[in-house]
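The next block holds one structure in the form of structure tokens; read it before the comments.
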Amino acid sequence: MAIDMSEIGEAPPVDRVDIWNREDMEPRIREILDRTVRDRVKGPYAAKTDMEVVAMLERYFARTEGLESIRISGVSRMAGGASKEQFAFTLQHEGDPAGERLVLRMDPLEAISQTCRGREAQVHIAFADILPVAPVRSIDADGEILGQPAIILGFVNGVTEPSEGKGHGVSGIGTRYDDWAAKLAPQFVDTLAQVHRFDWRSADLSYFAAPEAGTRQAPIWQVNWWSQVWWDGVVQPVAMVTYAERWLRENAPVCDAPVMCHSDLRLGNFMFEEPSGKFTAVLDWELAHIGDFHEDIAWAIQRLFGTWTDDGTFLVCGLIARDEFLSAYEVASGNQIDPVKLHYYEVLNAYKCAVIDLGQAMRAATESNNHQDIILTWLGSAGAVFLEQLVMLIRKA
Amino acid sequence: MLPSIDLRIANIVKALEQVVLPALTARERLAKDQVNLCIGHLQMIAQQWRWAAAFEAGSFHAMIALAEEMQPSVDASYAEELGQAIATAKAVEGHDLAAVEHAIVALGGLIDRIILGEDGQVALAPAIWEAVLSYGEKQSLRERTWFAATGLDPDRKELPSIAEVMAG
Amino acid sequence: MLPDIDLRIANMIKALEQVILPALPRDQRLARDQAMLVAGHLRMIGEQWKSALRYEQVALDDLQGLARDLLPGAPAFLADDLAAALAMAEACDRASVTAIEQANIAIGHAVDAVILGGSDHAPMPSAAVDRLLDYALRHARRERSWFKANRLDPDQNDLPDLVTMLAETN
Amino acid sequence: MPMAPASRGDVDVWDRSEMEPRIRHILERTVRLRDTGPYRPKSDAEVMAMLSTFFAAKGLEEFSISDVERMSGGASKEQFAFTLNHREDQQGERLVLRMDPLEAIAQTCRGREGEIQSIMGNHMPVAPVRWFDADGDLLGQPAVILGFVRGVTQPSEGGSAGVSGMGGRLGSLIDRLAPQYIDALAVTHRFDWSRAHLRFFDAPRAQSNQAAIWQVNWWSQVWWDCLVEPVPVVALAERWLRENAPVCDRPMLVHGDLRMGNFMFEEPSGKFTAVLDWELAHIGDFHEDIAWTMQKLFGAWGDDGIFLVSGLLPRDDFITQYEAASGNRIDPVRLHYYEVLNAYKCAVMDLGQAMRAATASNNHQEVVLTWLGSAGAVFLNYIVQLIRKG
């Protein structure tokens, strides 16, 4: 990729966005970040027991829906996720003796990323008719009733990695799809295209705000979000993180047309049924926001989420060769990928990952505010991978 | 480094206490005991690991001092060997934990031989008895302090802290 | 010392793998995952702890080098703080992991301030940026090697082991 | 300390070959098998398979083994409770398999344990011995199979629990437990072993230092076979123990590990249901048991700050009551000698045998071995204090 960033770096301001104004941020994101700092001292957090979860849910459905003779059964903690505490359970009550299988997705006091269950619910609902997503059963965005912010979703069947397959790791990283790739790759590309083509202006997205088109507000909102997380949580200063922040401000590109971004679409974040390979749910919408589609593309092509075939070809998300992926996406979405912007968002994403691993995760683990601090430090120990990517990417600029 | 060793130890202890232990059924008593012991070991290691090299170096110096104290009273048949062993020991790089451990075994082996006197054939001077006992007294105090967190020592309340012992 | 730390760590890993994990019910997935991660963490700490002091010394030396490189081009109002942090780091007790960690943090904050360039965000000299990126690469390499055992790094096979890595910096 | 007068039956205090033959056999087996590790804790399924082979070889018909449950406690043996049904016993019996891992904190003989325990069952409450496999010929590992005994080793309510029952407090049960405890010691020492035709035991000569030297040779052999790191005080203690070995006038059966945590009783009566852990039993000097049980580590302090032997009785009361019950007179010089011997034995187990087994990964619970090992310096300190006093 031949890129000449110097023009952008030294160009006069292209809009009225102040690249150093740390206040410029989506209002709901600010609320969540402020709440994180405010509540941080309330820890430590202990993983919920099954009995606690049953009691919380019984109270919750009695109060929110006035259900009677509520019976919560089959509570089982779902594995995975360094972020939310998740429990599958069956809800029965007078009006529904047969019962319904649901998933409680709940914030521990502090996680690897701090996000909003209200946003998550709105985006699930908005995409209900467009993509396979888990149906939203109930929502407590600020934890007013449940005690912790939570979303309750319908249970979806499927797997995130082939049941018979080689190698898997924390959060699905390193999964090899092998023969499944032919079935999964087109759906993956299509999902990205559908998300980006979505008409967010006509949806009920009251928890969201949109950056101004034709300005640098979209990237600056992201830089302000994640740099705020860094400075609120910093355990030990890291010079490269600081320098990357500066670079990201000074090189922020204009976003011509903001689109809905999933922000974490990668291997492990979609479910499919076996043996058809048909997608049953696109998962983990918690980081969704309105911004530049290049962010999603740069996220999906990260080395960490990919695999190599036996002959050494890199597969995006373990599914499809990089060039093939980029052209298939362009065809499906109608968007033109700009290599300069793609490169910028690769830096932004590496920065986000470094902030999450070395900032937010370390702080939450230090405060003992998660239900599985032990995963936070495990992931944190991989933070330097992103520091090196930052160096490589910025040098390439 | 991020995450630090201390933070990781704290996380491990929390995972064992709050997630692993409650997930074991009541009949898995051995496993429960072992989780509790792991927690105890980790809490102890968390106190110790920073001091380990200094602690081991201190033990080594105490042993060299014992050897030197034995020197004037030692039977003539051991004099040369002991002198050499002391010189070799003193040449060991104090920060290298593995080298120190190795050197303790070498010097300690010779001290043992002198104490036993080829199974009683060589007499042991009263001054050496006393030297070994006072070394043993000081060294056992250090080790008891180092491991006080086991709670097994009936007199642990009389022990100083690790930091106090390490400070001299 | 008897028992030494390595032996105790090895014992705990065995207890986790051979007694605790087999005793955990199959449906306790979170507990099983965490027990496996505990074993992974212990294995990694077992490889690291003896070298931790040396590692922190090397990290501080490298950061001090960066601070010295940044000092000439730093705005005057930030240079004093940086020089003071450097002096503190140079005087710290190099036998204490805690003291080195503290010096690392103090000097890191002063370096951050220079990188951000105060409220007017004065540009950094390009030579300083080069030094910074060189440092950042060494730092990332060092941490990646140090934490290689987490097996998350896609390029873990290119990394040296701990002993080689620390020997290279001597 | 004055040297005991030389006796005609005395052995050379430095003759390391002076040892009970069965003990020598066990120690040599330990060294021979050490390198065949590491040892994996047995799974329920493996235990089931081993027991099936064993009971088939024992000629049981239509047997079934069920409800295998791993028992906790004990840094030494792997223990499983299980239920055995067979044609002659349709109702079934709850049993305990007590089996040697490859290497433990003390290497002992299941044959000795099985033999002495089945005989002592006629004299005091002990777990009934159903079978033993002294060399593991049938089971694959040496083992003893005992009847399951109900009871607790410390009160279920109140008091604090420690590893292996150390540091526990017996609370209001003391008045009921103390007389039975004294009685267990006295009955053991009064037992007439000379008529028991023991197969796995040999007796040292009366009126000789042999009883003491056999013990010194046993434990010093363990130390030198296991040596992980030299400890000068341990070598010094060995020399002292040899040079000060006292004569034993009349060798008696010694339990070897009678202390708090090694007896079981039922609640709320406090009645003894079993005296446990006979693995260290031997014929020797009764002072060894007295010195063992009086150790600080196994005691507790009453609310008034008075030290209680095994958490039960003040020291003087204990001595008076024991002497009355046993008819033995405690000689302070010999008691002191065996205090040193016991501290030495504990140091050897904690810093020698436990460290070696844990290093070789030859046990089923190394985390316990290293935990106990980290208390080894407590005994080094006792050794110094005791030798200085002597």
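Chains here go by letter, A, B, C and D, matching the order in which they are written, and residues are numbered from 1 within each.
What we mean here is this: a residue touches a chain if its C-beta (ideal position, glycine included) is under 8 Å from a C-beta of that chain, and two chains touch if they have at least 3 such contacts.
Given the structure is predicted, the values throughout are model-derived calculations rather than measurements.
Seen from the C-alpha centroid of subunit C, the farthest chain centroid is that of D. Just to note, of B-D and C-D, the chains joined by more C-beta pairs in contact are B-D. Taking the mean of the C-alpha atoms as each chain's centre, subunit A and subunit C sit 27 Å apart.
The distance from the centre of subunit A to the centre of subunit D, each centre being the mean of the chain's C-alpha atoms, comes to 60 Å. One inter-chain figure worth recording: subunit C and subunit D are separated by 49 Å, centre to centre, where each centre is the mean of the chain's CA atoms.
The multi-chain contact residues of subunit C, meaning those touching 2 or more other chains, are 2, 8, 11-12, 15, 19, 22, 28, 30, 34, 37-38, 41, 44, 101, 143, 146-147. Residue positions 47, 236, 238, 372, 374, 377, 381, 383 of subunit A each touch two or more of the other chains.
Along subunit B, residues 2, 8, 11-12, 15, 19, 22, 28, 30-31, 34, 37-38, 41, 101, 143, 146 each make contact with two or more other chains.
If touching chains are joined by edges, the resulting network of the protein chains shown has some other shape, matching none of path, cycle, star or complete graph.
Pairwise, the chains that touch each other are A-B, A-C, B-C, B-D, C-D. Across the complex, subunit C meets subunit D through its residues 2-3, 7-8, 10-12, 14-15, 18-19, 22.
The touching residues of subunit C, when paired with subunit B in their complex, are 1-2, 4-5, 8-9, 11-12, 15-16, 19-20, 22-25, 28, 30-32, 34-35, 37-38, 41-42, 44-45, 48-50, 52-53, 55-56, 59, 95-98, 101, 143, 146-147. Residues of subunit A touching subunit B in their complex: 44, 46-47, 49, 235-236, 238, 358, 362, 365-366, 368, 371-374, 376-377, 380-381, 383. The touching residues of subunit B, counted against subunit A in their complex, run 2-3, 7-8, 10-12, 14-15, 18-19, 22. Contact residues of subunit B toward subunit D in the complex are 27-34, 37-38, 40-41, 44, 63, 66, 101, 104-105, 108-109, 111-112, 115-117, 119-120, 124, 129, 132-133, 135-137, 139-144, 146-147, 150-155.
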